[in-house]
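Quick one: the structure is below, and I'll ask about it shortly.
Read from first to last, the chains carry the letters A, B, C and D; within each, the first residue is number 1.
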Amino acid sequence: MTTQVGQFINGQQVAPQDGNLIDIHNPSTGAVCRQVEMASSARVQHAIDTAQAAFPAWRATPPAKRAQVMFRLKQLLEQHSDKICALISEEHGKVLHDAKGELQRGIENVEFACGMPQLLKGEHSKDVGPGIDAWCEFQPLGVVAGITPFNFPAMVPLWMWPSAIMCGNTFVLKPSEKDPSSALFIAELAAEAGLPPGVLNVVNGDKAAVDHLLEDSTIQAVSFVGSTPVAEAIYKKASENGKRCQALGGAKNHAIVMPDADLDNVVNALMGAAYGSCGERCMAISVVLAVGDEVGDALRVRLSQQVETLKVGAGCDNSNDMGPLISEAHYQTVANFIESGVSQEADLVCDGRGLSVEGYENGYFLGATLFDHVKPHMDIYQKEIFGPVLVMLRVPDMQSAVNLINEHEYGNGTCLFTRDGEAARYFIDQVQVGMVGVNVPLPVPVSYHSFGGWKRSLFGDLHAYGPDSVRFYTRRKAVTQRWPSANLREGSQFSFPSHS
Amino acid sequence: MTTQVGQFINGQQVAPQDGNLIDIHNPSTGAVCRQVEMASSARVQHAIDTAQAAFPAWRATPPAKRAQVMFRLKQLLEQHSDKICALISEEHGKVLHDAKGELQRGIENVEFACGMPQLLKGEHSKDVGPGIDAWCEFQPLGVVAGITPFNFPAMVPLWMWPSAIMCGNTFVLKPSEKDPSSALFIAELAAEAGLPPGVLNVVNGDKAAVDHLLEDSTIQAVSFVGSTPVAEAIYKKASENGKRCQALGGAKNHAIVMPDADLDNVVNALMGAAYGSCGERCMAISVVLAVGDEVGDALRVRLSQQVETLKVGAGCDNSNDMGPLISEAHYQTVANFIESGVSQEADLVCDGRGLSVEGYENGYFLGATLFDHVKPHMDIYQKEIFGPVLVMLRVPDMQSAVNLINEHEYGNGTCLFTRDGEAARYFIDQVQVGMVGVNVPLPVPVSYHSFGGWKRSLFGDLHAYGPDSVRFYTRRKAVTQRWPSANLREGSQFSFPSHS
Amino acid sequence: MTTQVGQFINGQQVAPQDGNLIDIHNPSTGAVCRQVEMASSARVQHAIDTAQAAFPAWRATPPAKRAQVMFRLKQLLEQHSDKICALISEEHGKVLHDAKGELQRGIENVEFACGMPQLLKGEHSKDVGPGIDAWCEFQPLGVVAGITPFNFPAMVPLWMWPSAIMCGNTFVLKPSEKDPSSALFIAELAAEAGLPPGVLNVVNGDKAAVDHLLEDSTIQAVSFVGSTPVAEAIYKKASENGKRCQALGGAKNHAIVMPDADLDNVVNALMGAAYGSCGERCMAISVVLAVGDEVGDALRVRLSQQVETLKVGAGCDNSNDMGPLISEAHYQTVANFIESGVSQEADLVCDGRGLSVEGYENGYFLGATLFDHVKPHMDIYQKEIFGPVLVMLRVPDMQSAVNLINEHEYGNGTCLFTRDGEAARYFIDQVQVGMVGVNVPLPVPVSYHSFGGWKRSLFGDLHAYGPDSVRFYTRRKAVTQRWPSANLREGSQFSFPSHS
Amino acid sequence: MTTQVGQFINGQQVAPQDGNLIDIHNPSTGAVCRQVEMASSARVQHAIDTAQAAFPAWRATPPAKRAQVMFRLKQLLEQHSDKICALISEEHGKVLHDAKGELQRGIENVEFACGMPQLLKGEHSKDVGPGIDAWCEFQPLGVVAGITPFNFPAMVPLWMWPSAIMCGNTFVLKPSEKDPSSALFIAELAAEAGLPPGVLNVVNGDKAAVDHLLEDSTIQAVSFVGSTPVAEAIYKKASENGKRCQALGGAKNHAIVMPDADLDNVVNALMGAAYGSCGERCMAISVVLAVGDEVGDALRVRLSQQVETLKVGAGCDNSNDMGPLISEAHYQTVANFIESGVSQEADLVCDGRGLSVEGYENGYFLGATLFDHVKPHMDIYQKEIFGPVLVMLRVPDMQSAVNLINEHEYGNGTCLFTRDGEAARYFIDQVQVGMVGVNVPLPVPVSYHSFGGWKRSLFGDLHAYGPDSVRFYTRRKAVTQRWPSANLREGSQFSFPSHS
């Protein structure tokens, strides 16, 4: 019988009992590997209530003591790394070594959370006026929620809840229903690490659960990562309901290749950045802008050579470079984009369709695909494909490349390949993108910086994880204090007071 | 003929020409003192376009050079202080010494903005990975808007635009149409201080202008201060239109008076905090919670004695303690609240109605009003009155007082009067309010801290002015940089990269 | 045969071979428990050379990777906590539960060091001039040394080297020759945690070793904790030799007891703070200032009652409150102080001399001692005794108490017992002491703040551990960068340049 | 009669009365332009006593109020800029436009000091333990002293005292006796700006005055800028006397010119950086390292061409590029260096000796001098010349250049000219120098960063001005606070306390 996955509430697994089960597929085989219960509204409410009940005691726990849980969690994540990666790979399809990279990034967010006593420091000002001191405290919000996508089932939750709970909040996580098991297992590890029951709760569900979270008046804030249309809808709804919200959406990340770039490095970098995790990363490079035809021609040759040797196969085999797409439906979406590229007269250099992996004939495998001579009006340029499809445009100079990037709807990540200091500085300054790489194809900020795109890649003003997450998950409280002398007589002041 | 006030666009006054003029009254006399043009949609658009045109050059101006404008503006504000205060007092009604206090606070925001080179520093990390550096830059957003209330016509605009433009943005301000002249005059001073044309623009208008700003796609962010219903509506609309927004709303600020408090101090503090500026301050104390009847009885006696001696009169006479309300309509609203208090059986100790100021018989004067034995269900307790009406409730102990505050809709400011360190610490920790005073009746944070309430007193996650404003008015850009060796060959990496 | 302790160099124990062995006594029994080799000059030089050799690779290791060693070290310290505490207790004499407290504090310094990637961030300024950026990096110094005292043989080394090496330095530690074993064992744990050989080295020795470290030109900085005369000498010598130095010295920490203090709490707090670890703590309370005779009389009665019930005995027995002094010589010093108190006519309320602990007759036990009516001129007030001797002075008011503290040679720690907010604020503001407690008898800053006294309690400008330690163990490097356009011609500038 | 310059004590000029007058020469004419009194020991003591007397009230003045003085001082410095520059130029000899650059930099330090309320913020931690809060305050030291050099008579004092006094200290400045008038005049402006008497005092003198300052027990800290031998002596003496000290010394700043550098830019940059202010700047470029003979040959040609056109003459004529040296004695020192270069067989390309300026035949003029093919062992390479002498070495590659820099005694400033991002990053990382420029010849950090060299260019751990100066001029006070419940009974704790 298929294993059934339920919820994690109040420090323990809650087995399915509401009857609404959906299948989880192994994308490498196409087979159902588990079933997950879509939590009923009552169950979601129970999770929220539990989190609310746990809040006062957790809020009163000193940050340094909270941090002990994070220190232990780091150990447990490292200790159980193989199991977590296996769960990720089985449900998501990505190759194990890639799952390992994902988990490592998640662990780094836990490491950052260990430093919370330092990060939560408020600002203290002696003598803002005669005998008057002022300071601010960053206090927790209460119950906050996270809604996370399928493509990084372990990492993106770890962007959110470790920081949120270390700030003193309690948390309800709704992971993707396509691959929830790693997040659930990590919640168990958190409990083992000493996290008090109710501080972290995981509920599975679909739009109904999301709506419940967005409408509930207990939830104070929502962090979301997913596609832009959903991010926008969630941001609006959360804002409408008086919650603070940060909603991270889609991307179309461009790499500019300058004539002075080391092409061997560029090709290696692009192969990983475009096709790693089958292109299902919001930081994947999906557009390459070749500055000059010489660069374009050379890239076309070298990339297509590399694509030939790319090893596509099941996620559980570490010798593979790339695994399957997440689902049959998504396979079709990506294939349709390829078709649209052809029909809009882009130059299809490598066609990943029709790939069959021996022994995994029902897996959702699509080979690495490369288009050249793509034009800005084409759908394969305009839209986020979220698959192993790299499109190349030829541009005459760097300014044209920067213009293209700045005119695009998305502004998540970008990269410039060059050796030239001036070009790099100009690019960093001018490009309308939140995360900028110079010779770094996937400029995902390390855990002690913050992650966020610009334009329609992020709704909200604070970025994810790192320093911004501390501000997002806390409320500023400003205190002004003065101790009166017993015998001091003071005249009433009817003017607006100026301390200084 | 009545002076007609227009807009301030592209570095100069734009005389009314669209024909839609409304009257500005002097609340002390009831007479029309000016007329202000409600900007047409085309005019608002012109202001936005002007700001957008000024953006690239201003963004490229080094912050230390931008700051020179602020240094000069501080001088000019001090130099023209009498004129500014006269404008404030004439159109708003507050007494000149109170206008001076307001302006002083505004100047302090300009002083803070002078320090922007220090405040804009990003975080730099060497060696986030082998040979890889990362840093963040806080870049300006573009054109941002501010919508400000009548009660601090000079100060609240200065909360916003100095910080915003020092971050490199350009600005469109829409001040209150009831008293726009001080903000317009200050914009002229900014131009005199060297602010390039188009960086700061002021448009007058009503809901139509506000809607234009909220719907325009050029505007990147909106700062608002006003009543809670409008704040909420603006926050929703701005969020819906993809803008970042901070919307500060109303308040019902409670002061708790403990039995160990020095009552002379308390009474003096409460008189100013409740009746200063006629109670038209979002930080006014409008509720006093007497802990124990002994305190309550004593306060009742002393407050009513003080009310007797309170001098109410025209704003232009510095010997007055309190001026008129802003308008006839608002006078009626406040008077209705008093009536409702009586009809809901609160104990009306001092009744400010029926006051007539000699020589100013048409002014909107309402005397200081005090209710005792008010109950939580009454409208005069639940609602923000925004007038010189102080309501007292008797509570048996401090916990009851804290509970009342935490259950109230608003969470802007609050104050505890005590000598006891433990009581203060408990209060600071537990109270669900953004700005907390200990023996400081109006705990408005100084300019180098940030201003913001909790609950329905603020929509958004970042507070006004101070450090939070720098984060609000900038976008974080995360850069990751690596310089390749010419001869280095690197294998493609298909796993998700971990720098460390 | 007695175990012989050597050095820890280049990642491993170096057995004694230079022949210069001295005895380590167990203060509870008086017996020799180990012998420790005083490193020869060649051996000390070897440790320095080893540290220097390890520097380039360690400096180039990304901070986040360095931090992995700290994460593992924390685990190992917790795992081997019993063994470490046994070593501490055996060689120092303190009771095991007290050793546990010491170790816990040391572990917290390791936790702080785990956050180094965040702490090492430099400041980045875009556009300090047109097209010019500037930032600073905090780079390691090279080889640094720590010289630590007997009284916290595990904790004080952990104040220093975790922060120092996480900043990228390599380290030579010279622990106290009286109880070196816990520091040596912890160095082994660090190696087990993955610290590369040579990054941390431990040499045992006396003044000759210290002088070697202070004179060697490779050593860049010295951290010292010990008595004031030695601290001063070390600071001068290090400064003379061009090293940066922080040298923490002695203390005479006063507690003020106000009439409104809760005396039960005060007495409990004072008992622990005065007699814990036999008073051999630089943060021990050794002077109590009773404000008013009523307080003084009450304290005298209650403290002497408590002293009666104080359980003094061997460090290995966790039921004891207090163990022996560190050595026979130190016993004599403390006993002489008691004698001097008597001869200078202080009022000896409790006399700890003549105590004999059954089964431990050769231990260096001295009972808790209390003097009342002590005067400022007496030696027992002027000098640091570093034993279980508490002296009480009667003062008429708080100002007199503050004056006494401010006139004393030392300024390490102090505490005020009161309930009064105003008294606390005044005390914090006015007292010339580096670490101030309000109702906290031992105000040792937590690991994410910094530790340091004022006046002759600290030589140097930066405090120990916490944020100051990051600044102490790094050099600021300021970078100003501009990328020229190829074709830009610029005139020479002979004036001193101003970027803005 | 020659004007006689005295001291500035307690808010006013003190005319000479002690009789010990020395001449101030105008280096452009060689004539005596003023006489300055060397303060007697009693006078120096009076300045110290005055500063001490002013300390308590100034310390208690809120930082925001102190800052008002800085805001006004900035205005006054701008308003009196011509007079200040005339004084600088007359006594120092530098050309007026260069004096203007100097003053501008000094004003920027005043601007930084205006932001002190923000900069003085301490760190506040809620809940370091159950119910325990902790924070730190940065409190002033007391009376601090500054000793400044002749080469930037207005700027270097402004590096020090604005920051020091804004931190709440009071100050005694001893400027160079060669050109004290600008510093004295600026002190008058500070008084005019509202600085209370005694907060800033200026005493003139020589080694006797310096020794007095270093030996006086009231002085808490000393900032010094001058030559390395004096810096070292002052650092040792101050340290010996228990003062904190930062002593900035000499320099030999190397510029590396890479083959890909834009030579037109390089030549322009080097001309200004080597010969501006006659080379009497601690940030002057005095060594150029040409990478490859092609670069070396080209630089030799172009630099010598530029030297031909360099206009040398009186400081008061703004058309000049370079003025005289500071004194006849210094002229001889520099001339001797040139002679030694010749005798050690360096290749003298341009010889500045024998220059005569028409109308200024008694001025201390030395023309721009260029040596090529200099070797590392030569005195003109090893020693700081502090004159208009640029020496060029040829090196085969960048690594050789970096090695030379790292082996030199000094480590103040350096610059790399290149277009290559990798070269820049390697240089920044590896070079053992405190202030690093990339295509910026004089990488003096802007006022909101800090200034300091490495190796024997700076003694002390904190750099001058900017953020480090705030730490240097304050003492950290760590507060730990807990408020007891009245009825709480707590057991004594004899173990070392761990808050968490």
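Here, contacts are C-beta pairs under 8 Å (C-beta built on N, C-alpha and C of every residue); 3 or more make two chains touch, one makes a residue touch a chain.
Predicted model, so just to flag it, every value in this text is computed and none were measured.
**Student:** Comparing A-C against A-D, which pair counts more contacting C-beta pairs?
**Tutor:** If we tally the contacting C-beta pairs, A-D comes out ahead.
**Student:** Tell me, please, which chain's centre (mean of its C-alpha atoms) is farthest from the centre of chain C?
**Tutor:** Of all chains, B has its centre farthest from that of chain C.
**Student:** Suppose each chain is reduced to the average of its Cα coordinates; what separation in Å results between chain A and chain C?
**Tutor:** From the centre of chain A to the centre of chain C is 43 Å.
**Student:** Using mean CA coordinates as chain centres, what's the chain A-chain B distance in Å?
**Tutor:** Roughly 35 Å separates the two chain centres.
**Student:** Centroid of chain A to centroid of chain D, CA atoms only: how many Å?
**Tutor:** So the centre of chain A lies 48 Å away from the centre of chain D.
**Student:** Please set out, as single numbers or ranges, the residues of chain D touching at least two other chains.
**Tutor:** In chain D, residues 64, 108, 117, 121, 123, 125-126, 128-129, 132, 136-137, 419-422, 424, 438, 446, 448, 481, 483-484, 486, 499-500 touch at least two other chains, as defined above.
**Student:** Edges wherever two chains touch, nodes for the chains themselves; is that graph a line, a ring, a star, complete, or other here?
**Tutor:** Its topology is that of a complete graph.
**Student:** Which positions of chain A touch chain D when the two form their complex?
**Tutor:** Within the complex, chain A contacts chain D at residues 60-65, 68, 117, 120-130, 132, 135-137, 139, 418-422, 424, 438, 499-500.
**Student:** In their complex, what parts of chain D are in touch with chain B?
**Tutor:** Per the stated touch rule, the residues are 64, 67, 71, 74-75, 108, 111-112, 114-115, 117-119, 121, 126, 131, 133, 420-422, 424-426, 429, 446, 448, 481, 483-486.
**Student:** Would you pull the chain A residues touching chain B in the complex into a rising list?
**Tutor:** My answer: residues 95, 97-98, 100-102, 104-105, 108, 123, 125, 128-129, 132, 134, 136-137, 152, 155, 221, 232, 235-236, 239-240, 242, 244, 262, 264-265, 267-269, 271-272, 275-277, 281, 306, 321-322, 419, 424, 428, 433-440, 442-446, 448-452, 454, 456, 459-463, 467-468, 471-472, 475-484, 486, 488-500.
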